[in-house]
């Protein structure tokens, strides 16, 4: 069974159709990349899957269950976690506090939640900063915190929304390593990215959308040489035909 | 202010004692080998000391006027701490909390005057009623922006006051409109929540205050506390992490309204007279909010500190200037509020806690030095 | 029936004055996105100003506008500049500047009680009042003259303010800032200066409202509280940020207040106004004419 199945999804905002009959599916344990030019509708897809919006049409299924109208907190309890493109740490609280909030998704006990949080921080090599106030972290660390928090909820499917944005190349490599390690633990990953070398290195498959519609799908190599993709990114003049 | 002075004096004595103690057994205590004097220990001991002092105060201060003032001080500290659960932890600005005081006071008073129900039971019933009302108010308003929420709470409180002021009877219940209800001082005894002297009231409100502080402390360390903080700071992120923000805010509101209502009953039994303008007034709602904000909402110590510092100010200005300069204390409140919001929006507890922490640190280093000697 | 008509007319007149009192509030909200809880107190200050102008100089109450409007404008301007701006700056990135609300509440308390301290709690009114108690007779209907003047002032002010925001350079700059402060500042507009000006205008409008009230309303330190709360209700009813909405919302409240007592006690009427307010908040928070916000 596919862990995530999107069938004919449509999302309209008033007169604007942001997502137009999108079909895509993800296998358990896969890393699926979602790319497309700015404004293509990628974040909207995420928001529809994550329960921020209810799709105007079509169906979203998570582990076989239709989740069109589910709220984000319920989805989290079901095993679907996400990060935000513009990071939203609980700025006045410590790194540990932030992750503990996530850990509470699977337990009611504070001690237990703290222990789980520390485990996650250790796994992400972040434990040394556990008492640092989130507002004083660098952008790379804030992104790591986003991931740590989401991980603490013990998700089966993780949605990464441009988690590399704003990072320097060395930091990008570090993040790629983290995500590779995550995959080894069995988590399925769905990621939106603009940084090509990251998404090429990570994804098993890539879906390309433009104006809310899927225009290509396949392995990174297939997608990179796809005419439509090149046209979408660089304009019609550059299509190799 | 006598209580606070006592506290400071006792703390210095304690420091001196600790030094003595350590140099006594100094040879056995080396820095780092499981020291007796840790920051945690000092903080617990000073807390225990404060509680001891509070319990012992009526033995030292016997003047009913001063006791009355201190009782009201604790009363407000209780109210602000209860308010803090919604206003501080949930991150919203309720400006109509007196509605719960009113519900609590009127419920227990009517039940005891008309039906002879013990005020303690009436207190609990008032609390439960308040929970219903609180949740009712919270359900639609928590989705709104801060300013709208504040306005809605004002509208509820004022609407309730107007209604009570104009109704004489709700069915068989005698509410007596603007004339209010008077409780005859008879049938003394614990069961009737009626005492001749101020001391019993003092201890009751003190215990209530400690109870509500302990509750706040527990909640802040619990899942609810974490969730409330998260939902208040970044609701979208919190929701993505499994927090049903609206539900946690409602939980906080329920707790807050329950405990606020209990204070209403206390007030009724203490002052023996309640009427809408005195307990369901906007002034009280605002005073509670102001004190909590100045003290530092969202922290545990903030509201209490605010009440302990501000209430004496207001009482003294009322006693000494009440006739010549009416309303002076409110001007002072307002000015302090504005200044605090500009310079220290987290409340005065921020700098007070920092001072306290540095004092504690100094005590620890002193004792460690003694140990090595 | 005839009394109903009379009540209705007087209700509309009084309502337009209510709308005028709320107009300043909605202007401030529209631009600063903040509900100024001290608005009623500013109104009260305006009333005392008008009172003293008339008593000391002995002019016709409406001539006091010459003094009241500029003084109120600068009062509001500097209040915003000195007291509220620091908080704005500190809370620039916060989603909801709740602290500003708190501060304006503090200002409310300071102003009201300072006035109480200085002037005492007595009710005052202007002595030589050319408009006092005058009525116009239309058949069997009596229309209050001061309220009629107030109505006209309200309409003129509303149109004046509208014109200002639509057609003058400063007005457009203010609107630009209210729509998108970052974009406006990129266009060379100093957003904090705009806030000062908008607050000044809102306060000046409150001053105009104060002048219309002085001929027939008693003046005392806490007179602003009632108008403050009614102002919020009106502004929510009509839609925060909508000037026409403020006037119309005011008229609705005025009508309820004048016709209501025919059918129930005056204080139940008050409760109905609160009830209506809560209803609007829950059902359509953007009010009748307000812009949609992300609630």
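Note that the chains take the letters A, B and C in the order they are written out, and that residue 1 is the start of every chain.
Rule of thumb we're sticking to: a residue touches a chain if its C-beta (ideal position, glycine included) is under 8 Å from a C-beta of that chain, and two chains touch if they have at least 3 such contacts.
Here the structure is a predicted model, which means the values were calculated and not measured.
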If chain centres are mean C-alpha positions, then the most distant from subunit C is chain A
Chain nearest the global centroid, as defined over all protein CA atoms shown:
B
How many Å are there between the centre of subunit A and the centre of subunit C, using C-alpha atoms for each centre?
49
Whole-Å distance, C-alpha centre of subunit A to that of subunit B, is 44
Please work out the Cα centroid separation of subunit B and subunit C, and write it as a whole number of Å.
35
Residue numbers in subunit A touching two or more further chains are none
Subunit C residues touching subunit B in their complex are 34-35, 83, 86-87, 90, 96, 98-99, 101-103, 105-110, 112-114, 116-117, 121, 221, 225, 229, 232-233, 236, 265, 267-268, 270-271, 274-275, 277-278, 281-282, 285, 293, 295
Counting only contacts in the complex, subunit B reaches subunit A at residues 221-223, 226-227, 229-230, 233-234, 236-245
Within their complex, state which residues of subunit B touch subunit C.
93, 95, 140-141, 143-148, 150-152, 154-156, 158-159, 162-163, 165-166, 282, 286, 289-290, 293, 325-328, 330-331, 333-335, 337-338, 341-342, 345
Using the touch rule from the top, collect the residues of subunit A that touch subunit B in their complex.
50, 52, 71-73, 76-77, 81-82, 84, 88-93, 97, 100-102, 104-105, 108, 110, 113, 149-150, 152-153
